[in-house]
Every structure is written in structure tokens, then in C-alpha cells.
């Protein structure tokens, strides 16, 4: 049975992973970008939420799958070798109004069976978080919160899927779902028609368009909601221990200040509704930066100077109507499944969503799901120089001398890692791009933002692919226009 | 008799020169701190010239290009001719500083300003 | 793991490092030079324009010619050169024992050194650091140094319609390079009311090619989906913030960020060397020794220079400092006199002098001024200059016999109208 999943983000690939555990399923993930996870999956706050912020009356599915997802990720990060930490989170309040709002979540925690959630004040708060702002009156502490490296999670899921026989088709845009006789036939894509028995729509901000093309849920419209972020470099002196965030209001979920798994200080997101046409607008704004720096003052005792902002970025959330996830299996057209509008806690719930979808397929479509005995749960990340002791580095280099050639000074990334990243991109069937290598190795993420190493990495890729340096693709377009004499030859 | 003001580009000081073309065709240059400036001022009034700096492609070298310059300033209108000429040539490594890459273009030679050692395949 | 022992370990194979290694070797010190890349030369390798060596060699050379001469001198010296060697961390064990831990293809190599000369150069400010927001198209945004390496070493043309942010010399020189290769530079955008680079470069890089220079303007945003499509430019108001009502667009496919350099001092920061927030480089004495004894700093890692001649001079001075350190088991103690910044001085090194030897002071002014005296009133030193500009570093040689007049704990370098 052929299952086509539209969208190689964290949700689509999680579903793919779970489905790959069963016999008789040919899984194909179709992705419009050159690589996996380039939508919201790589531009989010990276939090694995405990689930105490999900109202079980208003959003029962979100609440349940969030709590389940939190548990499942603990296992998945080990199996898939994804960087993760579990420091717990503090929902900080700075006045009595915010306090009242924050304390309500303790009750929500109880109703959702989220363990350990309690209010902390004064010395206990400062012990839990030495970097806490003096503006903080107290906080609601939820010990089961964690954060992961979201892009590495997606890359790991993709590698593990391919290892287990799944396929990923990049640069393949799904234009519509083909229905015949009230059943799914397949998907029309930029690369031609792909037959499918079941089509799972996990297309992020474009999921509503896909659903409409299948003639389903005409009223379901995704509103793009942009979230901007600021990143300060890893050697900033300000590093919160816990995941800090402001108390949610009716308008926003709150701004986070966290230390990422890579060691950077991440502050964000904003929450700005965008016009429908601007679904892929990931531009940053001055207002966004100002807002985040102000909010961060409620969380952190001190902020690094603005001149140390390493980068800013934005992600677009696929906001569904009423915040309600649309996860549904359809009898008509048979074979079409919506997993749409997966806004927060989407990342957290992804593994749970995957099992939920598998369960629905088994029940609603009477598909017999039998575990494969040859399913491989484990995937190893590659070895990195960064953070290793001298002894460990020496050993690493003695096994592979390419580890002895450091290409990115800021993040200590070696040639071996560049080569490994290229290899893994190819293994999952993605296109080799500078960005893909950057996201996998963290080269170019440091202080210099690639001004030293980008051309060196392009040179390595050019050599590997037998290309000219200017032909290396950065993201979608090439690194350079052509050779330096191009304009003179063509007549300026 | 017209006087124009211009900045000397011969050295980093950048004196402001006042260049006057006198009735008898002579040129007066004021404001220069050295002789080179005076010469520059005169030349700029008659026929502005510039040294052209660019790169030329190299085959089998440690770098894919060699940097070059014209051996002396060439008339400004001729700069494009020099640049166009560099568009289609490729030199073979090794190249030494001072090697003449192209002779007699706009009254000057194009000479190499970087050493490029020979290697069989280009890497990195 | 390999261990090698040296009197001097020089970190960085650019002009500062090469010059200091040559000097240290000529002073009889056992010297190692460490460079991460597989070639020596650093930034001058990609500087194909003249302006190098006017003082040092008394010739106007291109950066490429200048560095080749230095490398030739290095080759005939006894310096041990280690390329493809990355300095991972520095450990300070004792007064005269530092360990430079490196990573090479053969594994970890530990260089045990009595003294270190840190000559790692500078890094460029990038788009985010200068607060430009907007889209982040994958292609079309480069720093000036990156664009220069691409064009003038790797023979790659970055784009065809360029907007350059910053009117310092690097930006101006790249404007000319792009124009010569047939690309069109649509604007150079400078936030200050005066250009950052030398007037000669404004003439031969902008006027010669009819490139518009927007002073007192900033690029407020970049637009473009996969490649840069345009930039938004606005004039700066009295409060230093961009005025939205003056915004206009410049269509382009390439943005080159030439917004200045910052000393590359991460490894020094990690061992706790004291930094000067103005230069963003280390605090040093007149021998260019940093706050950790026996660690010397030269070149752009110390202070951003405009002339390679000064970089080389700093390298040689650092080597002399290392020699003195080794001969006397430390730079002899004195009552150091602090060098303070007076009127219109934005940066100055060194920060401490002894009053016992000749000193070279490198400084930059805050604002351009005409007809001034640059002086140190406490010792009665002054020199008259017709103009001073932030883009032109002041180099003042002050003989020891004048400095020995000082009887205060501090001296002030200041600029006064004549």
C-alpha cells in the first residue's frame, strides 16, 4: 500500500517514521523545498512542552497529544541521537494580574496529569534560575519541559525513515490531490503524477490549499502568524538554566528566553497575524526586535548588548481557525487524511500525532498494521569536534584526519563534518545546498555568520560535486552569478 | 582660462588641487604637496589616466586567478578595452610577479601581481 | 598528541604574524608560526589594489605583491611554519609557560611557548550586527571580504546589480572592482554624514564610475525571496534613527556589507585578557603586551588598521617585546603610565607606557577636523596637522627622552583646534 505524505516537516516525518514500523507500507514523503524541514520546523522555539498550557476542555486533542508527545520525545531523542535537554520551564509573572493568570495553569496541569507543576517565589525562584530578572515576582515551574534541536530532529527523522525503506522526494511541489470515484488516486506534482492509496496532508502553511484541492473542508483556512526571534552567540555571559517565558495573555502565548541545545541565547517569538498572501514571508522587523528585547527584560537579569545579536529570523505558524487542529480521516474521498493547522504544541505533539494517525488509519480504513521485525529504531548523529576535550579530538582525528581540518573557526566545524553532512543530505535524497550543510553542521552559525567559512565550504562542495564554486546552491539560488568575467563576456 | 578643483589620487593624503589651463596651453597646478601631484594634475586636465586592476583566469594553478595591473596608467576611455581583453584569456600556471600577461594594450602592458604556483588539480 | 617547545609561538599567518615571526627569528628566538589555512598571507592575498608598503618598502605595491615579499623573507628564515593547523585553545600554565593547543590532520599538537604573539586579524561586521532587517534571501548577501575573496581569488562574480553598505575603503574598493568587471553598483549607502574612506578612493572608485553615494542614509531592509531583489534605504534623522517618510527602494540582486571590522579575539577572551571596549581589542602596554604577561598582540587583532605598514610595524614591535620578556624573564616592572583619550580621540593604543623607551602611538579621531594640533599636554608634545579623519589612523612616534618628562600617572592624547 502506497502512502504519500505531503510535507517533510517534523509532523510529516514523524508520521512517516511511525508508519514505517509496519509491514506492507510504501512510504513516500513529498517536499517542495530542496531539503527537509525548511518550513516552520526549523524556525520555532524548539520547546517540548509539558502540556499544562493546553486547556483540556477547549482543546482536548492538543492537550492529550502534547502530554503524550512530551513522553515520546524522551525516547525518540535517544533513539535518533537528537540533541535535547530537559531543564524544566518557568512561566514568569511580574505583577498580580499576571500571577493570577499564571496560577490557573497549575489547575490545568492537574487536569492534564502533568507532574510537578507548582508556583515558586523569591529564593527558590532564584535558585532555580540564577539569571532571573529582578522584575519577576514569581513563576509557575513545570519540570517536564525540555528543548531539542528542531532541525537536527527533522534531519534525524529523515535519515531514519530512509534507512527503513521510506523515500523522500525534494523539489517536488504538490499542486493538487487527484480524486476519482470518491477515492484518492494520488497527487499531481511539479514532477508529474505520483500514485497513492492514502495521502496524508502535512503541508504546513499550505495545508488548507491541499485540502481544498481534494474538495475537502472548504471553510478551513490557515492564517499565517509570524514569529520573530533574536539569537545571541553562544559565548554570551547570559545563559538561562531553565526555559523562561512570560505569562501568556489572550493575545500571545508569551515570549521565551532559552539556552538552545547549541548553547545560544534565543529570545522569541513575536506573534503577528499576516495577510493570507504572505504565507511564506519570513522577514524580520525592527518593531519585532524591539518588542522581544523589551519582553526579555521581564525574564533575564541582564541582556547582552544589542551589538552582540548574532542573527534574527522568523518563522510562520500555520494558525487554524479557533486554534483547532484538523486531524481527520475521510471516508469521502477515501484515503485522504488531513493533519493540518498544527500550530503550537505541534513540535511537542508530533510523535503522538504520528501514532494517532496510524491508529486512525488502522481503525477507519481497516488497514492491518503489523510490526516489521526488521524495523531499525536507531540512528546515530555524526561526531562533532565542538565541545570535545583535547584527548577526544586527538582520537577523532587519528581515526579520520579530515577532523583535523577546521573549516569554521567560530563553531569549530571540521572538513569531516562538512563531508558527512553532504553525504547524509544525499542519502535522504535531498539537494546539496550550503544552507543544508550549515543547518546540519552549525558551520556559519557563529559570530562571523559565515563570512570566513562560507566560501571554503562552497569550495569543498564544488569539489565534491564537480561543480564550479559559483554553481553551488545556497538555499534556492546559486552562490554567485557566474565566473568573474561573465558580465564582460556577455557585454555590459 | 578655467580652473577646476580636483582631488589628487596619487597617495593617501589626497591634496585638493586647483588646475588651471592657461591661455597659451600651459597648465598650472596649485595645492600639490609633491611633484607627483603636479604631474597628476596636469595629466588629469589633458587626458585622465588610471591604472587598471583586475584578475585573469589561470589554468592548473593553486588559485583559479592571478591578479594583474597595467604597467602604467592608461587613458580612462580605454579602461573598458583593457577589461574586455581580460574576459577571454586564460594563462597557464606557474605565474610570477611581474610576468607580462598581455603586451601593449592601451599603451601599457598587463603584468601579474601575484605568484600562482602550478598544481595539477585545483582544490579548496 | 605531540608536544613542541618554542620561545615564541605566533598565531596567525597574515602580515602581522609573518612580520613578527621573521623579527623574532632574527632576534635569535626559536619561533613557530601557526596558520589555519593551507596558505600563508591572510587578507592581503585578496587585495589586488596598490597602497601597501609605501612606508615599509618605500614602494606602492599591491597587497598581493607586498605579502609575497614578506613570505619570501619568511622562507629564508628559521621560523618553523605550521599551516593547516587550527588553534583550538590557549592554556596559561605559568609566567613563562603557555600552551597553544592545536588541531591538525595528524591530531592534537600542543605548542609549549614562553611567549605568544597573537595576530589573528579581524572579522567583518555582518548584516544582522548592523541591524538590517527584512527578508533573508539565501543568495545575494555577502560581506565585503567574502565578495573580495570570491572575485579576486576564486574568480566568482557575486552578482550584477550591487548595493554596498558602508563607505569605508573596503567598500569603495569593491565598488570599483564590481564596476570594472561589468556589474553595476547602484549605490553606496553610508550612515555617517561623511564618507568613511579616503577621498582618493571616493574619486577613483565612485566618481570615476558615476556611483551614487548616499551619506547620512541607512539600508533599513532587504527584500527578496530566494535572491536579493531590492533594498529599502532611508535618511537618518536628528536622533540617529531612520526616517520612515524618506524611504525609497533600490532594486538590486546583491548586497555587500562593508560595515567595518572587529578584532578577532575570541581565544584571548577565553583566557581572560582585559579588553578595551572602544577598540574591541586587548588592553596593551607599549610593547603590545596584553594583560597576561608574555602574550603580545599585533595587527588587526589589536586595533583595526588602515595601512599594512603599521600592521607589520606592530608585528615587529611585538617580537621585540617577546625578546625583552624572555631575556628578563618578564617585561621589567615599572610604574606604568595610563594613556587617556582626550578631546576628539576615539581610540588609542597602547594603553600603558613606561616613559623609558620610544613609543609608537596609534590612534583614531572621533570626528573629522581641519587645522588641528594633536598633543600630549603632560609632556609638551604636539604636532600640527591640516586635517584629521576617523578613516585615517594617526601614527605618532614619540621619543623616550620626551616621554621621560612625564611625572604623572596618566597622559592624555587630545586634538585641539589650531
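For clarity, chains are labelled A, B and C in written order, and residue numbers in each chain start from 1.
Going forward, a contact is a pair of C-beta atoms (placed from the backbone, for glycine too) under 8 Å apart; a residue touches a chain by one contact, two chains touch by 3 or more.
Note that the coordinates shown come from a computational prediction; the quantities given were computed from them, not determined experimentally.
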{"item": "Central subunit by CA centre of mass proxy", "value": "C"}
{"item": "From subunit B, the most remote chain by mean C-alpha position", "value": "A"}
{"item": "Where subunit B and subunit C are represented by their mean Cα positions, the distance between them in whole Å", "value": "26"}
{"item": "Between subunit B and subunit A, distance of the C-alpha-averaged centres to the nearest whole Å", "value": "53"}
{"item": "Chain centre separation in whole Å, for subunit C relative to subunit A (CA means)", "value": "39"}
{"item": "Interface hub residues of subunit A, defined as touching at least two other chains", "value": "459, 483-485, 488"}
{"item": "Interface hub residues of subunit C, defined as touching at least two other chains", "value": "151-152, 154-155, 181-182"}
{"item": "Multi-partner residues of subunit B (at least 2 other chains)", "value": "55, 57, 65, 83, 124"}
{"item": "Interface residues, subunit C side, partner subunit B - complex", "value": "38-39, 45, 48-51, 54, 60, 62, 64-65, 68, 151-155, 176-177, 180-182, 198-200, 202-204, 208, 307, 392"}
{"item": "Subunit C to subunit A touching residues, read off their complex", "value": "1, 36, 84, 86, 88-89, 101, 103-108, 110, 123-124, 126-129, 131, 133-140, 142-143, 145-146, 149-152, 154-160, 181-184, 220-221, 223, 225-227, 253, 266, 269-270"}
{"item": "Subunit B partner contacts - residues on subunit A that touch it in the complex", "value": "456, 459-460, 463, 483-485, 488-489"}
{"item": "Interfacial residue positions of subunit A with respect to subunit C in the complex", "value": "235, 280-286, 288-289, 306-307, 309-313, 385, 390-391, 393-394, 397-398, 401-406, 409-410, 412, 414, 433-435, 447-452, 454-455, 459, 468-470, 474-488, 490, 492"}
{"item": "Residue ranges of subunit B in contact with subunit C within the complex", "value": "6-12, 14, 50-55, 57, 62-65, 67-69, 76, 79, 83, 97, 113-115, 124"}
